[in-house]
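So, here's a batch of structures to check.
Next come two complexes built around chain A: one with chain B, the other with chain C.
Moving on, here comes the complex of A and B:
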């Protein structure tokens, strides 16, 4: 095999992905310009009718605001938990560092449904939080922590955590220990050193991790569906409903493209911001 | 000033507790004697494991998921490993573009891939069939294998391969006798993770599954939607144990962070 023949080895994978990835994606794009008939059947067309329906419907804006708000809050909460873990893993010199890193990443390998069941047990009416609060005499009737925005936000924050820890760790390369030590030896308190040196230096990593968390939250389906209990409506749940229950494929496709554009806009914004901050 | 410091270590410990809480709680719940979700349980038993084994739909879905994950892993390795070799060993025009093409599916949310596959498979009558679900999972596993294996091939010591080539071994023989054996730990870790990716894949499966054939995560979602009793916790314990086994294997062979962390 001369060196010119190496590319031949890539042909099976390229053909496979062309069939199961490229073609279906183009099909989805095309479907968004079909029409849905009065009976619900799809009509081959090339029109913007579905888009007009989508963008004229006030429900679309409600879903958009819901999705954006959920993603921003879940990402912010996740950042507050991920940052100390990532900074700890970056700095620690314990011999358990490898084990601790695996413990931080492992949840992303455990099935999402398993972790959601964990949250049902923690947040349910007779779950861990309510039992503890009742035992402490803080409440007499259970707090509603499930099947509403509270539960979905908590569950979603937890599900994006490992990804954000990895993104932060990757971005911490720029943190220079010497600068922090210089600030400390010049008399700055640990808190002041953190606020004035560590935090500004890690800002590009924070922005990138936040962008990733946001995108993952926008497209999350299982968590809003199961922890929302049918009472939490976001773009992702509506896309699934339109595609399966309503079988309105043009609408589902248009909504999916609309969501994708929103996500790309935010992702672009975060990477531009991160590069600006890194300069 | 070295290490992490006491304040940071304490905050990190609290954060760890939050991350691991859902998993720990599920394990305790699995041994509950109650008929509904009550934490802490009023008593402990194995009744939910017995109920689980007697649940025909879940057991059938478990069998199908294992079958699909095996087929998906085998086929994905067959097309993915050669592609990774081409990207690392070959020097040709458009190589970086090809790499970008191969990794692109990892950037698209599975919600959108799932929808695209539903539109594509329905006219072909591939939804709710084993080949349909397997092909759907391969949109995730093939790019994952190409990414992980091209890193594995790129970090191999070049001198051994060069020595074999200098001694007159033809390139395919160098790959077969030197490159692949050297990359064996990476290959095993990659196969294990790709099995896990397929086994746990939920969103794509929800789109392309149906009453005739549905995978374990799909059946679990349906069960949790309907009612909440500790049976899913019993099943979760088995899944957590399986995941832990795979995580330990991968950590020993290549390191979990290296395997999943390159995005």
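Moving on, here comes the complex of A and C:
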């Protein structure tokens, strides 16, 4: 009997996942069908009451639209920045390639809270952007770049950037330099070569990275909370509100499951699309 | 002036010199092979021609026009890549029309020309397929059709047959050569396979260390190699270290080599091709003006059409190749190895 047939090495990881992930998920699932009493205490039940409340509340749909819109814009911005970087890293033959790759994904290694404080000093009324714009005479009163959707979108785009670069690099498999050279030799300008060869062949990578960026944005909590300054409401912040401030665990659970379903739907769509495009 | 002229081409990558100094003139309709070991700069030369690499020095001219600084897409070169580089996301037909679309050729003419090109390579029925649904040989033909359909000024082939199996390679060699002749298209192809070079070209340029060592017809290069590198790289050869015989002549294995009256100072090696050597019995009387060696048969290797007999003597071993079918001497037999004076090649040892 070979070790490959008895994957003993995977058992510790499987146990850990069962304890810290599978069991809480099941518990979450169970909690979503409990009820909340008049005093706010959780009543063990098996009812769809919270679900009816959740789906009847127009605020749920506002949050959904907010979350989707934020995720789509942040992902789009991050994609526009990540694509050229990933393409460069994929192709470059400089000896600093390793170093450059580490620099590109370095933000992943920094705590999210620290990164947000960085943005506060950059985007604040007295921050770098506003000071520079004022010095150049472009504006007289500071632009509001913080504690609103603009700040959250910028911060979120930056926080998912490293993941998207990695996803793009992983997906660039079919991008062969010889194909671009073939296009050039057949009379296609660099721009035409990009449009007809590079871009179509990197579509699977783009879809894959966009799916990942989208899911990360949907589940982001710290960035909307801190850079939104209490004015930005998305599903993730509301789940936290319900679970802590309101102590309404059944509602928080139902909302979390609702968000999970949304994310899985998008993730499934992107992976199906990516596989379809890769053929 | 020749149709295609490369003058003093040089290319460096960081500290490494890829191409040192390449000058070559190719006539219109001619097929020239760049032959050399890997790393000799032959592919870099081809890439500079196509505009895929920029030369550090030198000039490329086609039909009298300097194209050295022209970007790849304005050069009108038909390039067939070693990996074929067919666009995987397009059908075979679309691959072939790609170059015509980029040139703004009208749809109707495009379709007609692509159909002609595919018919030329005998793939007319497969236009709707994707490249990955084709065999290696078929992919090779599509790549050829795609490069030819744009009516390139020069066809460039980069090790284009190296990914095919031996049988198919032979067929494709003949097919490409026939096409090249019919279309009278100026062709430059890179190969490390001397048989391919000899079979597919009018002239061979043998490259080594970023330089062309010799340019000539296949017979020229084979019969009259200019350097010891060419002698060793094109065809097989016995290298026999020679010694001075005291009267200004050379001796191998203690036997004077007749017919080489004058030879400059310094050490030299005698090169003789195995096919040009013959075995005769030890007892046979050989005229004094015939070069010869004496030794014992070490082993005979049967390789189909040919038999290779290894003879060892006091100075080493030689291989003699003869047609199979004739009786071969047993190992241990005393023999003489003879050849013609004109088949003796001599290269000084310092010039290696």
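One rule holds for everything that comes next: the second predicted complex is superposed on the first by the 259 of 279 C-alpha atoms of A that agree within 3 Å, B and C clash if a C-alpha of one lies under 4 Å from a C-alpha of the other, contacts with A are read in each partner's own complex, and residues count from 1 in each chain.
We adopt the following convention: a contact is a pair of C-beta atoms (placed from the backbone, for glycine too) under 8 Å apart; a residue touches a chain by one contact, two chains touch by 3 or more.
In this text, all values refer to a predicted model and were calculated from it rather than measured experimentally.
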Exercise for the section: Kindly classify A:56 by the partners it touches after superposition: chain B alone (first), chain C alone (second), both, or neither? Expected result: neither
Exercise for the section: Classify the contacts of A:192 with the two partner chains as first (chain B alone), second (chain C alone), both, or neither. Expected result: second
Handout entry: Touched partner set for A:181, first chain B, second chain C, both or neither
Key = both
Exercise for the section: Would you sort A:201 into first (chain B), second (chain C), both or neither based on which partner it touches? Expected result: second
Practice task
State whether A:38 touches chain B only (first), chain C only (second), both chains, or neither.
Solution key: neither
Practice task
Could you look at A:136 and tell me whether it touches chain B, chain C, both or neither (first, second, both, neither)?
Solution key: neither
Exercise for the section: Considering only touches as defined above, state whether A:118 meets chain B (first), chain C (second), both or neither. Expected result: first
Problem - Most chain A residues touched (candidates chain B, chain C) - result: B
Problem - Touching both chain C and chain B, counted on chain A across the two superposed complexes - result: 181, 184, 190
Problem - Residues of chain B touching chain A in the complex - result: 1-5, 7-9, 11-12, 15-16, 18-26, 29, 36-40, 78-80, 82-83, 85-87, 89-92, 95, 98, 101-102, 104-105, 108-113, 115-120, 135-136, 138-139, 142-143, 146, 170-172, 193, 196, 199-200, 202-203, 206-207, 217, 220-221, 224-225, 228, 232-233, 236, 239-240, 243-244, 246-247, 251, 255-257, 260-261, 263
Problem - Interface residues, chain A side, partner chain B - complex - result: 1-4, 6-10, 12-14, 16-17, 20-21, 23-25, 27-28, 31, 81-82, 84-85, 87-89, 91-94, 98, 100-122, 124, 126-128, 131, 158, 161-162, 166-167, 169-170, 180-181, 184, 190, 215-216, 218-219, 221-222, 225-226, 236, 239-240, 243-244, 249, 252-253, 256, 259-260, 263
Practice task
Provide the residue numbers of chain C that touch chain A in the complex, in ascending order.
Solution key: 50-52, 71-79, 81, 83, 85-89, 98-99, 102-103, 146-147, 150
Problem - Partner chain C, residues of chain A touching it in the complex - result: 174, 176, 178-179, 181-190, 192-193, 196-197, 200-201
